[in-house]
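I have a structure I would like to understand better, so I am pasting it below and will then ask my questions one at a time.
For clarity, chains are labelled A, B, C, D, E and F in written order, and residue numbers in each chain start from 1.
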Amino acid sequence: MYGLDAIDAHNGWAMAFAGACIVLTGLAVLSFIISQFPKFVGLFEKKAQPAPTPPPEPQAQPPADIQAPLEISRAADVYGPLILALGEEFKLEALHALFREQNLPHPHITIRNFWNAGLLQQTETGAFVWTANPS
Amino acid sequence: MYGLDAIDAHNGWAMAFAGACIVLTGLAVLSFIISQFPKFVGLFEKKAQPAPTPPPEPQAQPPADIQAPLEISRAADVYGPLILALGEEFKLEALHALFREQNLPHPHITIRNFWNAGLLQQTETGAFVWTANPS
Amino acid sequence: MYGLDAIDAHNGWAMAFAGACIVLTGLAVLSFIISQFPKFVGLFEKKAQPAPTPPPEPQAQPPADIQAPLEISRAADVYGPLILALGEEFKLEALHALFREQNLPHPHITIRNFWNAGLLQQTETGAFVWTANPS
Amino acid sequence: MELLLQFLQNTGYYLADYRHVLMILVGATFIYLSIAKEYEPLLLLPIGFGILVGNVPFFKGFGLGIYEDNSVLHYLYFGVTSGCYPSIVFLGLGAMTDFSSLLARPKLMLLGAAAQMGIFFTLLSALALGFLPKEAASIAIIGGADGPTSIFLTAKLAPHLIGPIAIAAYSYMALIPIIQPPIMRLLTTRSERRIHMPDPRPVSRKELLFFPIVGLLLCCFLAPASIPLLGTFFFGNLMKVSGVVDRLAKTASTAIVDTATIFLGFTVGASTQADVFLTGKSIGIFFLGAVAFSIATGSGVLFAKILNLFLKEKINPLLGAAGVSAVPGSAREVHLVGQKEDPNNFLLMHAMACNSSGVIGSAICAGILWSFNMG
Amino acid sequence: MELLLQFLQNTGYYLADYRHVLMILVGATFIYLSIAKEYEPLLLLPIGFGILVGNVPFFKGFGLGIYEDNSVLHYLYFGVTSGCYPSIVFLGLGAMTDFSSLLARPKLMLLGAAAQMGIFFTLLSALALGFLPKEAASIAIIGGADGPTSIFLTAKLAPHLIGPIAIAAYSYMALIPIIQPPIMRLLTTRSERRIHMPDPRPVSRKELLFFPIVGLLLCCFLAPASIPLLGTFFFGNLMKVSGVVDRLAKTASTAIVDTATIFLGFTVGASTQADVFLTGKSIGIFFLGAVAFSIATGSGVLFAKILNLFLKEKINPLLGAAGVSAVPGSAREVHLVGQKEDPNNFLLMHAMACNSSGVIGSAICAGILWSFNMG
Amino acid sequence: MELLLQFLQNTGYYLADYRHVLMILVGATFIYLSIAKEYEPLLLLPIGFGILVGNVPFFKGFGLGIYEDNSVLHYLYFGVTSGCYPSIVFLGLGAMTDFSSLLARPKLMLLGAAAQMGIFFTLLSALALGFLPKEAASIAIIGGADGPTSIFLTAKLAPHLIGPIAIAAYSYMALIPIIQPPIMRLLTTRSERRIHMPDPRPVSRKELLFFPIVGLLLCCFLAPASIPLLGTFFFGNLMKVSGVVDRLAKTASTAIVDTATIFLGFTVGASTQADVFLTGKSIGIFFLGAVAFSIATGSGVLFAKILNLFLKEKINPLLGAAGVSAVPGSAREVHLVGQKEDPNNFLLMHAMACNSSGVIGSAICAGILWSFNMG
């Protein structure tokens, strides 16, 4: 059997329609629920520690000297996948070119920071590799 | 069936008594044998290398500059599990507090030694972690 | 059944002769084909990039400062297995002795290079280990 | 001499026909794409070499081929037919996925849902082309652009099609840089492509901790048949974000997922034994796969445009294309297309959010299609 | 529409009843304890999430549940029912255990033996409560306070009780900081708790090498049924101390043990499917588990006091409580209780020696109980 | 009391006889050689400890022994009997092998082929001693000096001989420093041993990439039965040299190969249960194994001398001894013997080339012997 007949015979329209509805509804509900997380987490926190004055997340605003590594890690999250597009090993010039090509700010400084954070490492052959999780 | 009847019917007393005897005897014998290890090892050594003068384990008394790492490793064995109680990541103050709380000698020096030995490492977020087996 | 009878009965001569022929022929052909690789690769390269002027493998002659690590890696390939003969951990003197014993040139420099390249590492107990793949 | 002759008649040289040559060329192409072009090498290289191994001609009946009991390949392939490798890969994926940008902007999850429409359109097309319902469902899931999910569903519904469906799914995932950009450009205006997305808000650890638990309960209650995929996926993610079992999370995201990836790719490749693979159905599957990918990309983009009709803060509709979940290929394409219009437009993080909700979406779809076709 | 309706009747929302809700709360509690309180997270987090996964309600008969053939969970659970995961965990444990303080003070091994008395007392109690002998033996082993050992013996003798027994064993191991200290304080005087233990003597490499070999031959000749646990345990330890196979020892103590831990915890958790788990027996098991732990702690402490009657160099009786082998939880408690009395008292290393002999002790007990109940 | 008595009658002490003692001494010897002499510890230590574990006497029929269904050892041993462990070890070996010196001097591959002659000579000898053809083939492969290959072929052809054949193969591999040098010196003149080999030319990445693909197609087309070994071997090598899947190559060459090595060695050791192992056949196997190794060494050396009759640039005939593939033991011996004559002679890299072609050669021989004896 072929064509619309086959679709009808195998209950195709119902499957496709029901399936589409279910997955859309499901993810819409999940999306709504996680949009309520901040409120819910707040509620939870208030219940748990009734003392209202101390800020619940003291680490939310880290002191200045800690900020830098955090920003590097943030930048790494952003640039990492792009850098992966250069392949496992790449030359430093290729990285500079990529950063310039994509108009990223301060390529030199960013690269130096990555280097210092151990995210960027040099192989024995002089090429560079990107280590997502420096050990 | 319940109660003593059930125990009797299923040969419970015999099982419990025999089981307890066996495990106690077994570990007592093992305990005795390993208490004889030093003698046995000595015997073995004499047989193997009949020359009596050279000390069989020249590394038993390492020179002074090696002593330090050994002591660190010893201290690490002692303190490691305690430090684990602080969780995967902890602040340096928490570690100091723990050492003071437990009256350990020279918290600062010990911590500095751990740091130098790579046992204590700082994460990107500024917290500290304890690495049992520094690579 | 034993002896020549058994060999005859089980078609032994044929198996041994055919087997030996097949493996010799097979590896001889493979040996011949890989001996043609350089030509074949050259052919491939020409087809792929018809521009004749640029050298196909610009990294074939790395600049001077890159040469060193390459040589270390080469030396490591050569000496590594020998060093493994010293066991997992060894003293530096043993390594020196090995190098001298086998008349390898410049033991001190080579050892220092290995050290710098992270191939040779010191354990906490003061012994040395050889790390084939430094991380 | 007789023995030698008999042996020679059992060599691959004697047994080979044009189909083996054809498949070996396919395998070599996969290997070439993975090494020279670096298209999804973690997937294409094992599959490509597996195709070579699976298409060495051999004498049947002695436990050598992947479809013969007692062969080593058959045992290794059991992880595919049982569905275990996909589950284990999802464990590792969960331990590697960062949901913080999704949590910061939950609306993007809708795009991950919309991109699944390609699945249902392909379901209809496959039925219309004469495939049986279970086959059609397995083919349709290619539109989810998720290799392990496709393999899992096919193993459950139409195990005889694992080879072609896996090859189609991975082929199109590798070809994303060629398939997606034209569709994205066709369906969006220049000004839409230039829409900037504001930086996501910081997400607290508690939110990250709640997400895998709520996600599991919600998605798996809705479609219990997605438990084998989403159960391990959210488990891996909880191990990652909990921070109390780092050694387990690290092993899950390295040794465990690598091992499953190696054997999954290698045996799926080897399952393309010429006489099983080269059938009319495979051609139909490849054709439908291309349809599925294109519709998925298009429906994601169009849904974003529809959403924009109701939203104050407009979404860049390119992000819709990242809902197809080919991680991280499609997110990278979205980013690159966006940057071509405006080099200051950074869509990557937002696209990754769509990507990860696309993974969840297609796992749910697999559950739905499986339960429609059970029994 | 009919299809949609039928699908909705198969969702977890429709199929759930109070028992699923109850179990999900239990799972959430485990996760909460593991993350917020950091109680044994390596065990509780996988089990807790496994409980959630195992209690998503689903339509039976289609290869989804852990107790149905062909389901992914069933295949992963095979490592539990076959006893392989516990054996592999013991391989890793062996490669992580340092026996030098035990070798320095062999007498401490007796405390590891004494703490097993809880097992045999619980055996009698379980029989008295009406459990069958094989069930009673499986419940009794909870008193050994060793998760993999309990799971192993239960898999062999009473596989239908794996869920409740594992949950009970791990629950009480997590609750050690609450259960043990009062018992320790009740049974010891202040001056006993203040007894200092002299530093252990240095142990030579040869002794460390002999131990796993002698230990294997002695323990497994005595109770051959403990081979699957102690065989791999001592093998792991020999790999560690030999120093000639460091790469194997490292893999055993990382990738291998982590993988087994993940799947062991996850599938044991998932095996608590509400309809199998929520029975009267489970309540009995939880009650008996608490008894087992308390008696084990008490008998270890009391035995140390009895030993002291004969010894010149007194042993701190708190160390007896570390014989229950919940590594390293109970050793830490002993240390902390000791330090409360006298901050200069360092019991940790000695307590670890009791701990590791407790592991050996309960594996022997498992062998004994298994061989009593074979056939 | 009755129970206690019955238990005591089931202990190893009661059940042991002289054969167990004998085997335990063998196991202890293996462990001693691996630790004190560091002879191939990665192989001998797991096997040695496995011998101890497998020879703890136990009551049969309750799922304890390696040959009983349902025992943990039996499940772990399945990787041996199915041939999976050897395949997986070859995956890791491939990911660790560097073929560049072989590619630089392809002629050395012939020496790797010549050293396989020991296999076929032993085949004849084994038949003459009364072994059945399948047994004779399994024994003959010992001459390939490759543990996993021997175990693989024996598992396929004569599974009842896995224990003795594996033990013989590994014993002689460990004894290479004792067996090979006298033969090498006997068959070569001093001036031959002093022949220098010029430095190998640099090899391009493309050649390294082509090799595993061409090698697979050539070798496996010739002997399809070698697919399970060479398929994974060349796959591992392609992962290594491709450079695009480094994380997979790393996992293959660490966690995966270590895990397979641990369980392969341990269970092969445990399979030497005294009543299965101590038979007349085992003695014959050990005798034939020594013959096989000696002939293999000799034929490699002699073949090199014959080659030299035709070659302008002479090959150092010592290299022929490295064709037996016991990696890297035999290569090291060749180097050391060469250096004794002339300390400036560096044969190691060239010997490694022969070594790796010896691995390929014996895998092909295994395929040939298997296909001769199928059905």
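By definition in this document, contacts are C-beta pairs under 8 Å (C-beta built on N, C-alpha and C of every residue); 3 or more make two chains touch, one makes a residue touch a chain.
The structure presented is a predicted model; accordingly, all values stated were derived computationally and were not measured.
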- Minimum number of chain-to-chain contact steps, subunit A to subunit E: 1
- Task: Just grab the chain with the largest centre-to-centre distance to subunit B, centres being mean Cα coordinates.
- Result: D
- Using the touch rule from the top, work out which pair, A-D or B-F, shares more C-beta pairs. A-D
- Message: Among all chains, whose Cα centre is located farthest from the one for subunit F?
- Response: A
- Note on the structure: Per the C-alpha means, the centres of subunit B and subunit E lie apart by a whole-Å value of 19
- Chain-centre distance (mean CA atoms) for subunit C and subunit D, in whole Å, is 38
- Task: Specify, in ascending order, the residues of subunit A that touch 2 or more different other chains.
- Result: 11, 15, 17-18, 22, 87, 135
- Query: Which residue numbers or ranges of subunit D touch two or more of the other chains?
  - Reply: 3, 7, 38, 222-223, 243-244, 254-255, 368, 372
- For subunit F, which residues count as touching subunit E in their complex? 3, 7, 10-13, 15-16, 24, 28, 31, 34-35, 38, 41-42, 45-46, 49-50, 52-53, 56-59, 61-64, 70-73, 75-76, 254-255, 258-259, 261-262, 266, 270
- Note on the structure: In the complex, subunit E touches subunit F at residues 82-84, 87, 91, 156, 209, 212-213, 216-217, 220-225, 227-228, 231-232, 234-235, 238-239, 242-245, 247-248, 250-252, 254-256, 368, 371-372, 374-375
- Query: What part of subunit B is in contact with subunit F in the complex they form?
  - Reply: 11, 14-15, 17-18, 21-22
- The subunit B residues in contact with subunit E across the complex are 1-4, 6-7, 10-13, 15-20, 22-24, 26-35, 37-38, 40-41, 44-45, 57, 60, 77-78, 81-82, 84-85, 87, 101-103
- Task: Enumerate the contact residues on subunit E facing subunit B in the complex.
- Result: 38, 98, 102-103, 106-107, 109-110, 112-114, 116-117, 119-121, 123-124, 127-130, 132-133, 136-137, 202, 204-207, 210-211, 214-215, 218-219, 222-223, 328, 331-332, 335, 339, 343-344, 346, 348-349, 352, 357, 360-361, 364-365, 368-369, 372
